[in-house]
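Labels A, B and C are assigned to the chains in the order they are written; within every chain, residues are numbered from 1.
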Amino acid sequence: MVNEGFSVSVRKHLPGFDLDVGWRSPAGFTVLFGYSGAGKSLTLGMLTGTVRPDSGRVTLGDEVLADTATRTFVAPQDRGFGFVSQSCELFPHLSVRGNIAYGLHRLDRRRRAERVDEMLAAFGLEDLAEKRSGQLSGGQRQRAALARALAPRPRALLLDEPLSALDLPVRAEMRALLKRVQREWEIPVVMVTHDLYEAAALADSLVVYAGDGVVQTGAPAELIAAPGTPEIRRLLHAMELPLSVLTSAA
Amino acid sequence: MPAIADIEFPIRLSLLVAACATLLVALVGLPLAYLLATREFRGKTLLDVALTLPLVLPPIVTGYYLLLLVGRNGAVGRLADALGLQAPEITFTWVAAVLAAFAVALPFTIKTARAAFEGVDRGLLATSATLGRGELATAVFVMLPLAARGVLAGLVLSFARALGEFGATIMVAGNIPGRTNTMPLEIYNAVVYGDWRHATALVVLFTVVSAGFMLAASALSRRVTW
Amino acid sequence: MRRSARTTRAVAAWLALLALAVVLLGASGCAPAADAPEGATGATPRRQLMVFAASSLRAVLESTAPAFEAEHDVDVVFNFAASGVLQKQIEVGAPADVFVSASAKQVASLAASGLTSGAASPVAANGIVLARRSGTPAPPLAPGDLTDLELLAVGDPETTPHGAMAKAYLESLGVWDALAGRLTLGANAEQTLAHVSAGEVDAGFIFATQATSTPGVETMFAVPADVVPPSVIVATALADAEQPDAAAAYVEFLAAPEVQQALTEAGFLPAPAE
């Protein structure tokens, strides 16, 4: 389980956009990084199963999630992956407790209540359990969304720019939280971001979307030191931070 | 001229017919509205038009088509004959009144609920899927609660329409005192005899009773706080 | 199966199930009943005679039904609507035993289609009268005053019996053209009556029975039957009747003195002699 990572090789045509991308990542914390509109979120959609590739293959370790050649497709509700999106999307008609319990329908009532309490404690949400989404701050909402995604003990965690709407100090806390979650839960995490600092800080493995299907994979330090194309160099050196700052963020 | 004692049955019948019709509208219309809101399929526009037809046609015409459908010589009757069963007597009974009210009230809920379903954030539906819930569970636990305001508004409109239904009812259920004479038919009867005072009295009585139901629905709608 | 096809199929199955439930409910015969149950006399319910009758006959037929029911041991169940609606219902197989129409046209049409049984029987006639809103201070109107009126209500001569009769009368007086532009045409008898009783018009031509039954209108004069033949109320038993004997008996019953008395009190004229 611990050594599994995602691998994608997919093509998808949408009005005004063509995606043609392939990468493989080892287990651990993988970050998809690049400009907005390069196809990172779309690729993440292939992992969650909410997007079907026109052609190609998506796997997690040995398990085939989608394969157009064999007409295999595992529906999102059968994949068992946690997902947190940019707008976090807590269900507005449920309390925090209700949201966290939402994915636990397979558990009996007692174990469900126990698991919910566990998650509330783990993410510091006990005082907010009965509140609704509209009554929470941005950081609280994101923590609740994370707790909800992790409550069913998913086999992987997929995140689409989860921190971009948060204030800087909250972002720092959340980064630490995410890193800790990945380490403790030992599940592969794939996160999309266009923030270079975040990418460098969190990634064990970086997948850079340079546009036009060009993608480079590797550890952040390697990529920053030796970008494969001028475009990738521009992306990675955009913040003009010295390498030492970036690598020490990890 | 109907006496006061005779008014009790038409009111009771009207409320029963409208309630049953609205229930049927919910059971039939909500799944259809859901399909129309979430899917593209061949014949979708045709289905949409067919379901909107009772809004456009004069009710008496709708009633005539219903008569052709469920009458003894109609589709249902002939299907029963083909199967060797006795055709059920639906026309000229209160069930036909329910069907007439259902047919004319259906478009209101379908249109309103469809718009409400279309307004639900698709991201929330996708999130529900990632949390392990299939389409039916997502529809019931996410789509429906979030569209509740619109759905309820549609059902209230349908109930009002069902309550006031006349033309289709008289065609397919008849105006049979003691059996299918709903309030609108009784009010019309007063009009036929030129007794507008009586008609007005019936209208006022009818409105008061109906208003009670509308208020209840309104109170229910206020509890939807999200 | 793709999940979307599965869901669509599930919805289709659900709808079919509902349709079946409705049909079964209809077949079960359980129904809300008015407080006075029919056939309250014995354990077995009485036979039912289904009479389709024009709305204008409701008061008379409902009040005289008990006499027939007692003598023939049946329950008479009425369906009151416009004659045209009733004709359509019968044509598509409605379970009627007797049809009493407000004009001969509908019965003739059914007879031509072979849906009637036995001869059509004239029951009464309904002439038109000039009426206006009660309590109008102006002096009573006579036929010679018609051309002085500003607004006159009649039925649409093309589509309504009372309208056609009014036009025939006004033409017989030679004033039809003179009144052009001062007529408001009603789509049915109830509309014309409504215009008259609301006082929206100076006067209008309505059926004699409407004038009799409506408290708010007063009759000025009746249109003579020899100038314009009144509309004839016609009754007939139907070919598909489930109670053919009772149906024929009911048609005869309508000629009985007590029914004729009630009809006259309501403002109907006797049926024209053959």
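Definition applied: contacts are C-beta pairs under 8 Å (C-beta built on N, C-alpha and C of every residue); 3 or more make two chains touch, one makes a residue touch a chain.
Since we're looking at a predicted model, the values are computed, not measured.
Enquirer: Looking at the contacts, which chains touch chain A and chain B alike?
Expert: none
Enquirer: Using CA atoms only, can you tell me which chain is the most central one in this structure?
Expert: Central by C-alpha mean position: chain B.
Enquirer: From the C-alpha centres, identify the chain that is farthest from chain C.
Expert: A
Enquirer: Busiest chain-chain interface by contact pairs, anyone?
Expert: Ranked by C-beta contact count, first place goes to B-C.
Enquirer: How many Å are there between the centre of chain A and the centre of chain B, using C-alpha atoms for each centre?
Expert: Whole-Å distance between the two chain centres: 46.
Enquirer: Would you mind pulling out the distance in Å between where the CA atoms of chain A average out and where those of chain C do?
Expert: The computed centroid separation for chain A versus chain C comes out at 74 Å.
Enquirer: Which integer distance in Å separates the CA centroid of chain B from that of chain C?
Expert: Each chain reduced to its C-alpha mean, chain B and chain C end up 28 Å apart.
Enquirer: Among the residues of chain A, which ones contact at least 2 other chains?
Expert: As it turns out, chain A has residues touching two or more other chains at 75.
Enquirer: Return the residues of chain B touching two or more other chains; collapse runs of consecutive numbers into ranges.
Expert: Touching at least two other chains: 134.
Enquirer: What parts of chain C, by residue number, touch at least two of the other chains?
Expert: In chain C, the residues touching two or more other chains are 3.
Enquirer: Help me check something: in the complex, which residues belonging to chain B touch chain C?
Expert: 1, 5-6, 8-9, 12-13, 16, 24, 27-28, 31-32, 34-35, 39, 41, 60, 64, 67-68, 70-74, 76-77, 86, 88-96, 98-99, 134-136, 170-171, 174-179, 188-189, 191-197
Enquirer: Which of the residues in chain A end up touching chain B in this complex?
Expert: 48-50, 75-83, 85, 87, 89, 91-93, 102-103, 105-106, 132, 134, 148-149, 152, 158
Enquirer: Tell me, which parts of chain B touch chain A in their complex?
Expert: My answer: residues 121, 123-124, 126-134, 137, 141-142, 145-146, 226.
Enquirer: Sort out for me which residues of chain C touch chain B in the complex.
Expert: Within the complex, chain C contacts chain B at residues 3-4, 7-8, 10-11, 14-15, 18, 22-27, 29, 31-36, 38, 50, 52, 55-56, 58-59, 62, 77-81, 85, 88-89, 92-95, 189-190, 193-194, 197-198, 210, 213-217.
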